[in-house]
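These are the structures in question, set out in turn.
Below, subunit A partners subunit B and then partners subunit C, in two separate complexes.
Take a look at the complex of A and B:
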C-alpha cells in the first residue's frame, strides 16, 4: 500500500445555475494573458451539448485517454500501433489535435469606435476583432459557451456524444421545447490518477505532484509538442501560441498551498463545489484503470482509502504526510461524497485516466416527469413530488454515459439516495409523506437517518469551512523544492519564458 | 594611476618579477624527449580514453567530445569546441592534471568533472598519449565551408519535401475539416461551409 494524498473537487450538479462565475474568476486570475485568451481552464457546459472544444467527448475523433489492448494492458489511444515510433512519426504534425476553429477564435470588440466615432447619421458599432490576428472578423461563429442554455440547438445538442444508447423518444425531447431537459456541467482539469497527458509528453515536462496529486506542466521543460492536448480526453491542457508552451488548470496550487480555496470554488455562487483531501493507494492505480467498464466506478471507489483506518494512517505517515493532512482527510467532504455515501461519480471513467474530481448527478427537475412515455406534456398540476428516478426528465442512461461509463445502476443509486434524503428532510419539515414511506426509502438505499442529516447538511447548508477542508502544504519539507530557491518564482508562479539565471544551474 | 600611487616601487618590482616568472613558466616550451612516453601511462590506453573507446571510470565525458589532438583521431577528428590539444604537452603540460581538470574553477570543464571526477591513473595514460601526439604538427580544421553550406541547403529542401509528402493534407483528411463542419454534416447536411 502506497498511501498518497490528493486534493480533489466535487460538483453538485443540482445546484449549478450556469452563471459562469467560476469560469470568469479563473480567467481573471490565470488566463488574461496574450496567447491564453482562448483558454478556459474552468468552463461550464450545457448538457446535452457539444461543449468546448467542440465534441471533446468524442474520442473517435480526438483519440484522448487510454484503451485496453487485446492483451489486457493499457495504451494511450493516441499511440495506437507502434507506440514510441508513432510518437516520433507524428511529432511535427499530429492529426488528432483540436484546431483553433474547434475551440473558437478569441475576439474582442472595437469599443473605441463607440466613443470616438465622428458624428454621423448612423449609430456607431463595435465590430468584433480577432485577438489572434488583430483583424476585424466578419462574424463570430463559435465561442467558449456557444451552446449555452441550448443556444444553437438542436445542432449542438443532437451531436452530444453521450446520447448514444438513448431511445428515440428521449432524443426527441431535445427538439421539443416543452419536453426538453438540460443541466450545466462545470469542468476543470480532473488531476487524474492515471493522467494521459503525463504519459504522452515526449519532453517529460508534465508531472503529478506527490504531495497533493496536482498535475502540472513544467514551463521550463515544455517543448510544445502538444501531445498532452491530444492525449487528455478532457482537452484541458491548452497550447499558448504566444510563448509556445502548453498550460493547464493548476488547481490554484498557490492558493491551496496556503489553505485557500480554488478561485473557481471560492467564487461559486451556487456553492456547488467541495474541495478536500482524499487518500488513495498509488500501487493500485494501474489495476483500477484496467477494470472493465461496468466495474470502473466501483474500482475507483476501492482505490480511495479510509482515512480513519490505523493502517492507512500509518502508511500516510510513512509516506511523509503531515498530521494536518491526515486530519483534513478525515474531515474531507470528498471522502464522504464519493466513498462513504457513494453519491458522487467520476467524469467519464471509461477514459481510464482515473479522474479525481467527482460529480453529484442532478435530480432536477424533481417535481414531475414529463410523462414523455405517454406522449404527454409537463404537468404543473401534479402533486406527486417524488417520482421514480427512472422516469425523470433527464434520462439515467444519459447521466450514466457521462458519469459511469454507461453503468446505470450506480447513477440510479446516487439519485435514489438524494431522493431519499429529500424525502427524509421533507418529512421533518412538512410531514406530509408519512414516516413509513420515508423509512422504506432510506432503507432501500442503505442510508441511516444520521447519514441523511449529514448529506443534507453538506449538500444544502454547509458553510465555507465545511465545503473547503484544505490543509496547508508543508512546503519546507517537500524535497522537490530546493529551500534556497523556494521564493525565486514567487509572483510568477511558474509561467513565462525561461529566465537566463535559471539556465545551467545544478543542485 | 591610482593603484601605482599606493604601491611602493619595491613592491611594483616584485610584482613584475612574479608575473614574469609565471609567464615564463606558462609559456616556456617544454623540451620533451622525442620518443619517450611521459609518466607511467600507456599510449594506447591514453588514446582509448581520449576517444572514449574506454569509458571514464566515473562517467565523465570523453575528451574527444570537445577536443581534438593529432591527426589520427578518428575519421572526423575530435571536437572543435575546446582548444586543440595536439601541443598541450609542450605548452601547458601542467594542466594535464587531475586536480585542475576536476576543479570547479574551470568554467567549462568544471561542471562536467566536479561531479564525475577523472582518476589520476586515467590522466597518467592521457599524459602518455599527449606526449606522443605533441610530436605531430597541429592540423587545422577544414575550412571548406562551401560544400557544407550547399549540403545543408539541399538537405533542408529534401527534408521539407519529405515533410510535405508525409504530413501534407493530414488535417484535411482528418474528419474532413473542422468539427463544426462535421457536426453540420452529421445533423443532416444543412448549412455549413461544405
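Take a look at the complex of A and C:
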C-alpha cells in the first residue's frame, strides 16, 4: 500500500444553473493573456450537446485516453500499433491534434468604432476582430458555449456521443420541445490518477505532484510537442499558440496551498462544488485502470482508502503526510460523496485515466409525457410523484454513458439515494408520505437516517467551510524555493513570466 | 591573411563560440522561451505536406554530411564500387528535393496563411532564408559538380577535421566553386542562429528518445532537495 493524498472536487449537477460564473472567474485569474484567450480551463457544457472543443468526447476522432490491448496491457489510444515508437514517427506532425477551428477563433469587438466613428446616418457598429490575425471577421462561427441551452437542437444535441444505446423514443425526446431535457455540465481538469497527458509527454514536462496529486505542466521543460493535447481524453491541456507552451488547469494550487478554495469553486453561484482531500493507494492505479467497463466505477471506489483506518493513517504518515492533511481527509466531503454514500460518480471512467473529480447525477422531472396513452410512462391520475427514478426525463442510460461507462446500476443507485433523502426530508417537514414508506425507501438504498440528514446538510445547506475542507500545505518545509525569498516570489508562480526585451524581441 | 582564411579559418570559431555561449545563456536564464513554436495548431493542412518531407529529408541528409565530415575514409570505401556511389548520390538528390519541397511549402504557408503570417517574427523569416540558401546551394552542388560525396571527402572533410585541431587548413577548400563555399559558410550562419531562433527545438531531440525508455507516469515531490520520481512502468 502506497498512501497518497489527492485534492479533488465534486460537482452536484442537480444544482448547476449554467451561469458560467466559474468559467469567468477562472479566466479572469489565469487565462487573460495572448495565446490563452481560447483556453477555458473551467468550462460549462449543456448536455446533451457537443461540448468544448467540439465533440471532444468522440475518441474515434480525437484518440484521447487509454485502451486495453489484446494482451491486457494499457496503451495510449494515440499510440495505437507500435506504441511509443509512434511518438517518434509523429513528432513532426501530429495527426490527432485538434486545431484552433475545433475550439474557435478568439475575437474581440471593434469597440473603438463605437466612440470614434465619424458622424453619419447609421449607428456605428462594433465588428468582430480576430485576435489571431487582427483582421475583421465576417462572422463568428463558433465559441466556447456555442450550444449553450441548445438542449433540443437537431444539430448539437443529436450529435452528442453519449446518446449511443438510447432507444428511439428516448432520442425523440431530444427534438420535441415539450419532452425536452437538458442539464449543465461544468468541467475542469480531472487531475487524473493515471493521466494520459503525463504519459504522452516526450519531454517529461507534465507531472503529478507527490503531495497533493495536482497535475501540472512544467513551463520551463515543455517544448511544444503537443502530445498532451491529443492524449487527454477530456481535452484539458491547451496549446498556447503565442508562446509555444501547453497550459492547463492548475487546480488553483497557489490558492489551495494557503487553504483557499479554487477560484471556480469559490465563485460558484449554485454552490454546487465541494473540495476536499482523498487518500488513495498508488500501488493499485494500474490495476484499477485495467478493469472491464462495468467494474470501473467500483474499482475507482476501491482505490480510495478509509482515512480512519489506522493502517492507512500509518501509511500516510510514512509517506510524509502532515497531520492537518490526515485530519482534512477524515472530514472530507469528497470521501463521503464518492465512497461512503456512493452518490458521486467519475466522469467517463472508460477513458481509463482514473479521473479524480466526481459528479453527482441530476434528478429530473418524472414526466416523460403528460399522458400515459401517448406511449409515455407517467400517468398523473394513478401514479405517485415520488416513484421510480428510471422514469425520469433524463434517461439513466444517458447519464450512465457519461458517468459510469454505461453501467446503469451505479447511476440508479445514486439517483435513488438522492430521492430517498428527499422523501425523508419531506416527511420531516411536510409529513405527507408516511414513515413506513420513507423508511423502506431508505432501507432499499442502504442509508441510515443520520446519512439522510448528513447528505441533505451537505447537498442543500452546507456552508463554505463544510463544502471546502482544504488543508494548508507546509510550503516552508517542502519547497525548492529558498524560504528567505518566498515573500518576493509570492504571486510569481504561473505563466508568461520572465520575458525580456533583447535584440528586438522578447525571449 | 586572405578572405578564405577569414571566412573558413576564423569566422567558424567565432560563430560556434557565440552559438555555444548563446545556448547556455538562453538555457540558464530563460528556459521558458525554449520551444519549437509549432504552428500546427493554427494550420495543419499544408503543414502536413511540408513537415514530413522536410524533416525526414533534411535529417537523413544531415546525418550523411556528419558521417562524411567525420569519417571520410568510410565513405571512400563505400564509394569504391561505382554502383554504390550512384545509389548514394541519387538517394541524396531525392532527399534533397524532398527537403526543398517541404521548405517551399513552409514558405508558401508563412506567406499565404493569415494566421501563421501574423505569428511570424523576423527571426522566422531569417530562419527560412538561411535554410533556403542552404538547400538550394546544396542541390546546386549536387547537380553541377557531380559525385560530391567523393570530392567532399577529399576537400571539405580534411578542412573540417583540421578545424578541430585548432589549425585550420583552408587550402583544402580554397579552390572549391563559389556555390560550395556559400554552402559551407551558410552552414556556420545556421549554427550561429541556433540559440536565437526556433532552431533551439532540435537541441531537444533527445526528448522523444528518452521517452522511449521512461515510465509513463511521473510524480514530482517538492522537498527542499527536489527529486523527481517515477512511479512504475506499466506493463
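Just so it is clear, the second predicted complex is superposed on the first by the 461 of 507 C-alpha atoms of A that agree within 3 Å, B and C clash if a C-alpha of one lies under 4 Å from a C-alpha of the other, contacts with A are read in each partner's own complex, and residues count from 1 in each chain.
Quick note on the criterion: a residue touches a chain if its C-beta (ideal position, glycine included) is under 8 Å from a C-beta of that chain, and two chains touch if they have at least 3 such contacts.
Note that this is a predicted model, so its numbers are computed, not measured.
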Based on the superposition on subunit A, does the combination of subunit B and subunit C result in a clash or a fit? clash
First, second, both or neither for A:109, with subunit B first and subunit C second: neither
Touching partner for A:99 - first (subunit B), second (subunit C), both, neither: both
In this superposition, which partner touches a larger number of subunit A residues, subunit B or subunit C? C
Report for A:87: first if it touches subunit B alone, second if subunit C alone, otherwise both or neither. second
Check the residue A:210 against both partner chains and state whether it touches subunit B (first), subunit C (second), both, or neither. second
Would you sort A:54 into first (subunit B), second (subunit C), both or neither based on which partner it touches? first
Touch check for A:156: first (subunit B), second (subunit C), both, or neither? first
Once chain A of both complexes is superposed, is A:142 in touch with subunit B (first), subunit C (second), both, or neither? first
With the two complexes overlaid, spot the stretch of subunit C among 77-85, 113-121, 131-139 or 221-229 whose C-alpha atoms clash with subunit B. 131-139
Once the two structures are superposed, pull the subunit A residues common to the subunit B and subunit C interfaces. 92-93, 98-99, 504, 506
Residue numbers on subunit C that touch subunit A, as the complex places them: 26, 30-44, 47-48, 51-52, 54-56, 114-115, 117-119, 121-123, 196, 201, 204, 207-208, 210-212, 214, 216-224, 226, 228-229, 231-232, 234-235
Residues of subunit A defined as touching subunit B within the complex: 50, 53-55, 61, 89, 92-93, 95-96, 98-99, 101-102, 141-142, 154-156, 158-159, 504, 506
Quick one: in the complex, what on subunit A touches subunit C? 73-74, 84-85, 87-88, 91-94, 97-100, 132-135, 194-195, 198-199, 201-204, 206-211, 219-226, 239, 241-245, 282, 285-286, 477-480, 497-500, 503-507
Show me the residue ranges of subunit B that touch subunit A in the complex, using the header's touch definition. 111, 163, 166-167, 170-171, 173-175, 178-180, 182-184, 186-187
